[in-house]
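So, here come the structures, one by one.
Next, two complexes with chain A in common: one pairs it with chain B, the other with chain C.
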Partner chain A sequence: MIVAHELVKEFRIPERRPGLAGSLATLFTRRYRVTRAVDRVSFEIPAGSRTAYIGANGAGKSTTIKMLTGIMTPTSGYCRVRGIEPYRHRQRNARSIGVVFGQRSQLWWDLSVPDSFRILRRIYDIPDHVYRRNLARYRELLDIDALGTTPVRQLSLGQRMRAEIAASLLHDPAVVFWDEPTIGLDMVLKEAVRELVNRAHRELGTTVVLTSHDIADIAAICDSALVVDRGRVVHQGSIQDLLRSADRRSVLFDHRDRLAADAVCATVERGLPGVRAVPADGGRVHVDYPAAEFTSRQVLAFLLDHFDLADCYAPEPDLEDVLRQIYGRQRPAAPSGVSAV
Partner chain B sequence: MSALRTAARYARLSWFLGGVGLHRLVTYRLDFLLGAGAFLVRVGVQTAVVGLVFRQVPAVGGWSYHEVVFLLGFSLLPRGLDHLFTDQLWELGRKLVQRGEFYRHLVRPVSPLFSLLSERFFHPDGFGELIVGGVLVGWSGSRLGLDPTATQWALAPLLVVCGALIHTAVKLLFSSLSFWTVTSLPAMYAANQVSEFAAYPLDIYHPTLRSLLTWVLPFAFTSYAPCAYLLTGDADLLVWLPAVTAGALALALAVWRRGLSTHETTGS
Partner chain C sequence: MRAYVPFATGGLQSLLQYRSMFVVTGVTAAAGAAVTVFLWRAVYADAPASGGPGGFTLAGITTYLLLAQILQVLHTNRVDDEVAAEVYRGDVAVMLVRPVSYPLVRFFACLPVVAANAVLVGVPVLLLFAFLVPLAVPRPGDAALFAVSAVLSVLIAFCVNLLTGMAGFLTTNTWGVRMVKQSVVAFFAGQLVPIALMPGPLAALARALPFRGMADGPLTLLLGRYDGAAGAFGVLAQQAGWAAGLAAVCAVLWRRALGRLEVLGG
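Coming up: the complex of A and B.
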């Protein structure tokens, strides 16, 4: 469906020397520094999957998405979307993809949203029944009629994003690439947007590639994750696998012992070196342990031995924590990634 | 066959988007009136200056008053025609690349150039130029007692179209420079200023400027050469028009394509 093979994108950045003399010198002798924004990235995204493309700023996310949408050509390697290389057959590719690039509008600036949609209908040759079905859906979920006949340039960010998202799905694309699609949306609209794309996925098998800094978007929409860091893929698989890769787990428990919370925490930390225990709400205790050193069985056994447990549960590792760990793990080397905008 | 179908598709889209453009004129009536008003003042002043000059002298560079007005009016026709369809190039030169907004023309299933231009068909100023140009040409033509031959009548619209294409080519070339320089507004502005010289007889300029206007930025072919032909039947310069138009367009399109591929490489 979507394939990237040894995909590389390098940028030549002119070296600027400081001061007036420096800028004059750069006028005549240009020296370039080559930065690799995407470093031999290979992956396969199956049709009908909803993939979160995850990476810290400068990880090469946007650059990769630009190559997948045909806006940019790779330095070497290739990618294919539904069997075609997007940057070689841009128009053909455009028919089967829908795009949202967070901050940058693709609507007609001084036309109203309904006018923009009418134009898109012609440009994409959208059949009547598809157009009507999608408009009805936008009415129901995005309250698109409320945008009325105001020109796009006068809409608020939230209003405009609703229109952008609707526009990206209007022609029933086989693949949508959404780069930060929920910027400026309130909770209710975020929910609506998630419902919208999930419905498209359910009914049409739409493949979704999403980047977002909103973890809730990822959790609500995506079933698999592709994690890149500094231009390289560091994890690919289901979100479940990603969560399982967390190197710290936690257990929350409640007990009937008449002990001060501090004393309980101290006992746990003494008995299990490397474990962190902190008091949580309602007299419970939150135990955070390194997955490499203890199994959940060991931790539970310890707790059962030492306390009169009233309740105990192990929450899913938090996606945000997992991501923080992944980013953090790669951090030590000097960040050389370039946020390509 | 598929080329025909593509052409038909673009024609349909243009028709539709033209309708959108006209609709916008109605929506932004004030814009239209302001644009047209400012334009009328400008052309009014231009005509008045020409009138003043001719109070002092009977002819300028061998051109009579009415001939100069004819030239002035005719120069507005290709300019206006071009203006109706390619005003979005100014947006490209000004900010599309700089603000990273050009991408939207690369994710639509139409050619990027069409996508860009069709964002705004029928710029109101273009109508002003066509109307005023037509009036000036008609008035001065009748004062001159002009009686065009059948060939001249037949060629006149073609001359306007070729002139418009030359304007388009120059604008396209200079706006495409923004793919390398991020913004090319100053260059576009300069080229536009140069085009203003074409509203007057070339004979009054220094030979350097004359050859610049003929062979470098060939605005002479948008007004001076056609007018010389329509007024006197002199076609010495005009025979070059098809070649110049084709050459200018080819060059501009080549630069546009190079720019586009640079843009795909750098993405900014």
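Coming up: the complex of A and C.
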């Protein structure tokens, strides 16, 4: 469905030299620094999956999306979306994809949202029944009518983002690329967006590729994750697998013993070496243990033995923490070089 | 092509939100025309009825300079500003995710700008000056030739502005590039000094360049300053040739620029 093979994208960034003499020198000789934004990335995203494309800042997420949408041409390697190389057949590719760039509006700045939609309908030649069905859906889930005839430039970020998301799905694309789509959306709308994409996925088998810094978005919308660090894929699989790779897990508990919180924590840390226990809100205790050394069962057994437990639960590991670990694990020097042109 | 029509109608809708802009453009154009028209009218004040320098009569030179100014308003299609800004800011990325050709989108989007400038600025300025100063009345045939030629001039202006806007790929100082373009076009189109009045070699150069087709070409036809049907055809053919040539250059350069497009961030 979506394939990337040894995908590389390098940017040439003019180097500015310090001081006035440096500025004058750049008038005559220009030096460029070559930055590799995407470093030999290979992956495959199956049709009908909802994949989160995850990476730290500068991991090449947006750049990869721009190659998959045909905006930029790779420096080397190739990528294919539904069998075609997007940058070679940009317009053909564009017919079957929907895109949201959270940072840039794709709507008509001076027109209202309904007017923008009418233009999109003509551009993509959207059949009547599809257009009506989708509009009805946006009314129901995104309350799109509330945006009225206000020009897009006067909408709030949240309102605009609702319209952007709707616009990206209007022509029933086979693949949607959402680059940071939910900036400015509140919880209720995030829920609605999730429902919207789930319906498209269920009825049309739409493939979703999402990049986001918001872990809640990823968890809500995606079923699999592609983690890229410094241009390299470091994890590909389901979100569950990703969470399971956490090297520290937690247990929270509440007890009826008349003990000071510090004493409870000290008892836990003494009994289970390598474990960290800290008082949490509401008199609870947060126990953080290395997954390699203990099972949750061992930790629970210890707690049951030593305390009169009132409540106890083991939350899913935090995706953010998992990612931080993955990034922390490998820190090679950034590949870059200087060339004079 | 049907997919491009909404870019024209949408452009018109956007444009109508900025009505005061036409007033500003109109005042600027009228002031610009006043400067050149009254300056040159002083020069031609004592010209004989048979024609002064360059063979212009007083009414002839007035018409030439006034219409050159109005043609310039038609050529202010905002393509240079918008393309430069979109390329520089990276917003061109958004246009590229649509199944349409960007240069064609820009062309269709500029049509309402040209039409609105013609109707809301061109016509009022023309009427204002017709009221103030005597103008040459063209023969009907020449007026028709002028109309065809004016359309070709709009095409040339589109290509020149698109190329100017594409400078955004090379430099961040697109304002400077646009200023240079504006001066070069104003001079070589004959808008400030009619080409017929330029010294020989300079006039020859100006006649060979595409900018001639933006003002001097159409005005040569309007004022009947051509040599029979062949002369008129020559002017139109030169314009059409430049329009086609520049369009081809635009297409090639655009394609090459896209291959090297670097949109950083966002």
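Just so it is clear, the second predicted complex is superposed on the first by the 297 of 341 C-alpha atoms of A that agree within 3 Å, B and C clash if a C-alpha of one lies under 4 Å from a C-alpha of the other, contacts with A are read in each partner's own complex, and residues count from 1 in each chain.
Keep this in mind: contacts are C-beta pairs under 8 Å (C-beta built on N, C-alpha and C of every residue); 3 or more make two chains touch, one makes a residue touch a chain.
As the structure is a prediction and not an experimental result, all values here were calculated from the model.
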For this session: Overlay done on chain A, so just call it for chain B and chain C: clash or fit.
Result: clash
Exercise. If you stack the two complexes on chain A, which partner ends up touching A:Leu242: first (chain B), second (chain C), both, or neither?
Worked result: neither
Problem set entry | Contacts of A:Arg104 with chain B and chain C, given as first, second, both or neither | both
For this session: Give one of first, second, both or neither to describe whether A:Ile326 is in contact with chain B, with chain C, with both, or with none.
Result: neither
Exercise. So, does A:Leu169 touch the first partner chain B, the second partner chain C, both, or neither?
Worked result: neither
For this session: Quick one: classify A:Ile71 as touching chain B (first), chain C (second), both or neither.
Result: both
For this session: Overlap the chain B and chain C contact sets on chain A and report the shared residues.
Result: 11-12, 66, 69-73, 87, 90-92, 94-95, 97, 99, 101, 104-106, 108, 110-111, 115, 118-119, 122-124
Problem set entry | Of chain C, residues touching chain A in the complex | 2-3, 5-7, 9-10, 13-14, 17-18, 90-91, 93-94, 96-101, 258-266
Problem set entry | Residue numbers on chain A that touch chain C, as the complex places them | 11-12, 62, 66, 69-73, 87, 90-92, 94-95, 97, 99, 101-106, 108-111, 115-116, 118-119, 122-125, 151, 179
Exercise. Considering the complex alone, what residue numbers of chain A touch chain B?
Worked result: 11-12, 63, 66, 69-73, 87, 90-92, 94-95, 97, 99, 101, 104-106, 108, 110-111, 115, 118-119, 122-124, 340-341
Problem set entry | Residues of chain B that touch chain A when the two form their complex | 12-13, 16-17, 20, 23-24, 28, 99-101, 103-104, 106-112, 119, 261, 264-268
